[in-house]
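In what comes next, subunit A is part of two complexes: it sits with subunit B in the first one and with subunit C in the second one.
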Partner chain A sequence: MTMAPEEPKVEVPEGYVKLTIDGEEVIAPKGELLIRTAERLGTVIPRFCDHPLLDPAGACRQCLVEVEMNGRPMPKPQASCTMTVADGMVVKTQRTSPVADKAQQGVMELLLINHPLDCPICDKGGECPLQNQAMAHGRADSRFRDTKRTFPKPLPISTQVLLDRERCVLCQRCTRFSDQIAGDPFIDLLERGAHQQIGTAETAEIYDAASHTASGKPFQSYFSGNTIQICPVGALTSAQYRFRSRPFDLVSSPSVCEHCSSGCAERTDFRRGKVMRKLAGEDPEVNEEWICDKGRFAFRYATAAQRLRTPLVRNAETGELEEASWTQALAAAADGLAKARDGKGVGVLPGGRLTLEDAYAYSKFARLALRTNDIDYRARAHSAEELDFLASRVVGTTPETGVTFTALEHAPLVLCVAFEPEEEAPAVFLRLRKGARKRRTKVVHIGQWTTPAVSKTFGELLACVPGGEASAVEGIAQHAPDLDEALRAEGAVVLVGERAAEVPGLFSALHRLSERTGARLAWIPRRAGERGAIEVGALPTLLPGGRSVEDAAARSEVEQVWGLEAGALPGTPGRDVTGMLNALVTRDLDGLLVGGVDPADLPDPALARKALAAASFVVSLEMLPSEVTEHADVVLPIAPVDEKAGSFLNWEGRRREFSITLEGTGALPDCRVLDTLGVEMDADLFTQTPAAAAGDLARLAPKPTGSAAAPDVPNGHVPKAGDGQAVLATWRQLIDEGTLQIDEPHLAGTARPVVARMSKASAAGLGRRVTVSTERGSVTLPLEVADLPDGVVWLPANSPGSKVRATLGAGHGAVVTIAAGGDQ
Partner chain B sequence: MAVESAGASVAERVRAVVEAHRDERGALLPILHGIQAEFGYIDPEVVPILAAELNLSRADVHGVVTFYSDFRSEPAGAATVRLCRAEACQSVGAEKLVADAEQVFGVKLGQTTPDGSVTLQQVFCLGNCALGPAAQINGRMYGRLDRTRLVEILAKGAEA
Partner chain C sequence: MFDALKGFGVTFSNMFKKVATEEYPEIGAPAAPRYHGRHQLNRHPDGLEKCVGCELCAWACPADAIFVEGGDNTEEERYSPGERYGKDYQINYLRCIGCGLCVEACPTRSLTMINFYELADDNRQDLIYTKEDLLAPLLPGMEQPPHPMRLGDNEQDYYVNGPELARDRGVPSGETVETSEEKAMQ
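Now for the complex of A and B:
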């Protein structure tokens, strides 16, 4: 490109500088790294250690360029990944400078000296930055004639990450990720010189262990899979994916994570109809470039041997479930449901893991085919107060009107109440940590003990007795005036988790707090389908779009869109989950239509079992056999997310659409199954496909939020523990016994240890193990001392050996009996 | 776990060293020197204690310990012999001295004799190039060494 000599001088705006790269004048924002300015210009400088989301390191030296400042050339080539742009800088990259090119060739040659030539068996081969850049910027042959340095390999640094030290180019992306982004600095540089290597504090021990066992001491992080993805060579590989496939044999499909309510972007790679791996997708608004290990590794449930693939109908004579054709099964289901509906009625439990489209089909099916408002997706502890809260504060919020990931990062203060970000929504945790690291966001947690998330967000803990969160929130004005003041700051956010439903008065207290201080309030549920289910009216009090079932105008609006005659929709709120289960036991309800619900998740699993046994007709839409399918009269198999299209609404209210990954498997989404079932029952749902369901839903534009009455429930009394008792604090760990994590031993190996926690004073005299019991049963776990309030015991809610709901029949805030558990 | 019985006292001694340097900037290095002075070596069991005290990860502490070859992770012998193998000494017979030393003590470089009397180590240049082959024995510098002198010095050292 030639420039006319009389071309007018380009004004350099405030905060920008002008420099020259390869003879071209560029205007770049101050503080931008040279390597990125060049990239914007279309010149890709080779690099290994540089990563836009990690702090600059200048570790690999591959990005050397020639730099001239104020007419004086710098004596040596400079690393463009650590040098920021400056006014008047003249830069020559490998494109125009033989010096830079030679320097890059030299570095490449050095990096390859000890790099093994095992590309043909390396997982990274075919998608390897080292391979690609060696082709582009390296020599065709090596001048190195000596023996390469070798290490025993691979070294398992956790059950899911394998380390190959020979392949490592010491770029430190993994150590910087662990240290900066995840806050789990379990790996670091060890040794020096030619022996320098990545490792954990136990590398030597692992090496010993590696010779006879499959796993060493874990690299304890929920985010360790990201190090595999950002490794620019094949030094860190995934135990799950190792030797499974070559990148060029894989077909990639953009997808959305189905595990939590963050809705992280993913890339699903499959081969011959089978998912081989999942990688983090890029979405700067949501997950940036990171996902948690659960999202990355937990997908084998869809290929589990016990997966349901054909409809099952219970044989009236033998009482056994028998395989049936879709026609038979649908006819049987429609017949049974119609009978139950015309009797005492049918309740609907869709579960919290549905896509928006599938949840809409349940919602419409309940109203049209079953003519009831007895629908509640909440397969967990729930309350009427929560319903009011969801209707008044949550439904209808969008990223435009509500709190977003970006807002969390920029908030001056984030208050987490009854919410454990790292365990319940890992992407939220990463944002909180990023905000705290980069922008000094103050994070305050109202919880029970200093969890890893509290320390890694540099947070402050306001400890309270479980169940006392509402009083703690009420007490902020009086006892924590600093916090009260900080909540009034522009952009302050309060986050509340699903556990709040177990604390009477908490939602009301938070609503009042938010009204009083102006802090924005966001609800972050744990499951991916929860937010969408609210929007489509899979609740006893709501119709699609946040319309109240009690509002006649709203009802007639829905009736018109659905083509019903006026007054067809029932105008009284339905029963919630517990209400439905109780009604089944007392025979006030005959049938049940159940989606992905595990009775052990419900507030009272014993009641759920009793209700399932008492119900005269149960239809189960399931993917895997469960306690529900054991009792079901008809089981209809449905598709996992990889085998259907759809969308999730994440906690922000952001629509996360995904298209089908594995086509032609024959598995049907819930919305299609319900549509056909509806036809059998003379109700047209128009949800044949997820797209049709979405189109139908779009005709019911959401009502503006805030029209419903806010929750107003007085604080419950703070639970008190007597002698030999404690108040139970409990929540789920990210990696536990969840149904979607089956068949994945590598992931299960990185679960956090299953221990009970108590304060030092309360633990005194209990020994090494503690037994926590109620009249239902008991849990015995190793005891660890932590900074809980006295008289409180914490248990993981759904981990091996600690299934709190199923075993104890109790939840967060319950009073339990404590005894020494023996020193086993 | 060799220090199990004296576990508490080891932790206390470590904490005392940490306390002495806690307020310094980049306290880990002086603390590690202190630990080595106190115990003669840095037991891997000390690493978790240091990590907890300094709010670092164990990998971080382990990384620093392994980076500096002066830090030992097992006890040294009564005498430490550090033979120079840099170019100047090599040119006047350091390699032969190394071979001799290995033969005399029956251990390789980096090892300690089974009776715990001598630890053999290599260094690269002690700055005593004019008087090679050089070695440092228990912190003292010696030049113009050969097999006989090395044995003599160690024998004398043992008497003293």
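Now for the complex of A and C:
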């Protein structure tokens, strides 16, 4: 006789409870929501308002289930998205309970009463949770015979986000996202009862006036695109993707954002060789499920009409650029570069937007084909101190050894120095806000004014004069002992941004602070390719893997891997960007090889222009016509990220690999172009494809960090403004006039207003507008009063009407002249 | 001897029977009135397009013969009542199998089939019909879009009052805008 096997006694671990769902016993951690426990068992309860990263709301009532506690059934079905598990609970979902099933059908019927039957013209059609769940859990027909509630549609709540209130099921995902995750509560529930609707400040007025236009304060957020993605119906749509395609037309490909150094996971949807939209991908380690609007909407630069698609060679007689074949152009480029190399030499400016593989090709090309260390990717303000800092504190750090997004969320204290998280790395800002909201992370900013990021991270501002950040950091021990104490806590983090290169002594002061307190230090650059470029040695002092060019042992290691003769690699550090530009002007350098560099980003655009004009031979690898291509002798077109494979290293040092999205466009990645150019110059780079370049790079294992000397530069003097002067504070806004944001009018409309900011005392007597000028030029902007230190003026660095570097030739910490700008 | 005469007899008798041969293409051979020939994109009585670019036809197509891209109507440039119109519309007749599922899928009765069947050509390119080829001809009273909505304030008026609007425009009772257009084609 066979015995029934004895029921194994399941031990319930500490902190867990045992309950029954659909007759199945399950152990769940305390505090887990019923809807998630059921999901782990494979039962999907329909839902609209529930989102794992938002706080529970119980707004849509679609997830009703039957619940029994201690043998007593609850009188009504309960919302499983707000109820947490309890010991001995017996839950019946729509699978086993006719009551729950009927309740869900009833809720669906109610939701559909006012929902228009406009699926054919709705952008969500085909990927709509409401459509899907109405098919799966709804009644076959409606009993509602009256007129549906209608609204004028669509209502533009910003230039990008369009609201269709008829379609809304009032799940409040968008309002909860804006309130909790992004901290931009410009959108909220209005009215009551049957008139309840989502709206913004000015739509409330519209509702009363019953007009159809929107004016006044729009829904302004850098994260508004996420509300479109999480909307479970088609109530929120984007102007950019409006009516462009259907989900079944689209081919989706996982990708990585090419804009900032966070390396957010994305999903790129394309149709017939054209990218239609980008959505946030899921990566709990990096961006969770959110991306910023720039990452989501700025991709049309790749299809811009002016994009370079064929090589161009300058005709020696006419002086004009003319289309040429690849063979001709490569031969001309190789010829000119070889001549310049054998003359005074060639400098290399790869730019900060390259993939790891492409940057490696530049680094190897400079050493092998051009036999020089004159390579510097930093197309921005830079300093020798920064170079030391990168070599000693940044190169070689990985998520295992360095600071990560998760570490930011769990840190007791985060100190941001010369770093504006929301503008420079939005994913970092979201993590800081999450940490501050959920885990009480204290965020302290050393900056100039209480920016939105400061208030939205519940942060504290230590205001200082631009350029005085180093002294402020030095003064922490003396003037802010509580902050000093907090920095000694386990897990405390210091974040520093690219602006630090403009403040002499800041990197040294931060290094000392971190040594003294034990706080971990992370550098967060603004561009996606910066971190990778350091790793592959696109710097005048570093070879791939953080090896110093002055270290003979490291050089011979690289020589062996690259198959060179001993002593083939130059052993003296090269020139940095400014050094190269100066050398070109003084004719100590002949040629220039330039990647994606805009002279207006360089510390001195006038010098850059002079150098480009003075250079005897310029080769430009570009995607779009620029000031560099105007001066170039040969222009070689290269592929945008969608048309090539590769990887970015994000600020954590995490490798963010992506494969090719649009195949067969014929566009070539930089590494392939440089490889072929190398062959023309008798140098084998072995970087024909990104995969080959990555393989070649992998043979040069990174050296452990800490071998290089840390920067030790004394604090520069704090700039002082005289009468009629002010010290300039400036950084870029996320949505501005960046080259990768061209052809995006809807996105540009969501940029923050372009205004100058000054303290109340300094702004007195200037009127409504202020003119900021240097001997190079002037910028006139509307003036807003903010809590800046006296004698300081803040300008957006690259926004319409305020191009600080290009117009003023000045940067953060410069002394500028202030005058009333007159009323307009 | 007798067999040969019998054979000629068959030939001779056929001379007096009705001729089954159709003189095509010189004279032409109209298909049955409900024949599923090439597609037509219909218009509202004022000439605005019925297509809203929803792509349901493309979705329904088992041969993947239809390409549609929607567009956004503006007050200045309006092609159909409502928010959305078909900006790009192509049917590839090298692929179309004439099944008519697209017509069934169309939510606005924009897409119908007329009995034109001469879909042969000597190159592939010409057999991809674009929106200009497929749009119904302008009947009297119709106006070439883009133009504002002439027959109502919103798209509801066009759909709810569709048959009456057609009568007002002189479409006889018992016929729709579509059938009268088919006749206009012949």
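Just so we're on the same page, the second predicted complex is superposed on the first by the 805 of 824 C-alpha atoms of A that agree within 3 Å, B and C clash if a C-alpha of one lies under 4 Å from a C-alpha of the other, contacts with A are read in each partner's own complex, and residues count from 1 in each chain.
Keep this in mind: a contact is a pair of C-beta atoms (placed from the backbone, for glycine too) under 8 Å apart; a residue touches a chain by one contact, two chains touch by 3 or more.
Everything numeric in this text was worked out from a predicted model, so none of it was measured.
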item: Three-chain arrangement built on subunit A, subunit B and subunit C clash or fit; value: fit
item: First (subunit B), second (subunit C), both or neither touched by A:25; value: neither
item: First, second, both or neither for A:712, with subunit B first and subunit C second; value: neither
item: C-alpha centroid angle, subunit C to subunit B via subunit A, nearest 10°; value: 70
item: Which superposed partner A:153 touches (first subunit B, second subunit C, both, neither); value: second
item: A:189 touches, of subunit B and subunit C: first, second, both or neither?; value: first
item: Partner chain in contact with A:246 - subunit B first, subunit C second, else both or neither; value: second
item: Which superposed partner A:199 touches (first subunit B, second subunit C, both, neither); value: first
item: First (subunit B), second (subunit C), both or neither touched by A:515; value: neither
item: First (subunit B), second (subunit C), both or neither touched by A:663; value: neither
item: Shortest CA-CA distance in Å separating subunit B from subunit C in the superposed model; value: 24
item: Residue numbers on subunit A that touch subunit B, as the complex places them; value: 184-192, 199-203
item: Contacting residues of subunit B [partner subunit A, same complex]; value: 47-48, 51, 56-63, 66-69
item: Touching residues (chain side subunit A, partner subunit C) in the complex; value: 120-121, 125-126, 153-154, 242-246, 248-249
item: In the complex with subunit A, residue positions of subunit C that touch it; value: 52-56, 58-59, 69-72, 82-84, 87, 107-108
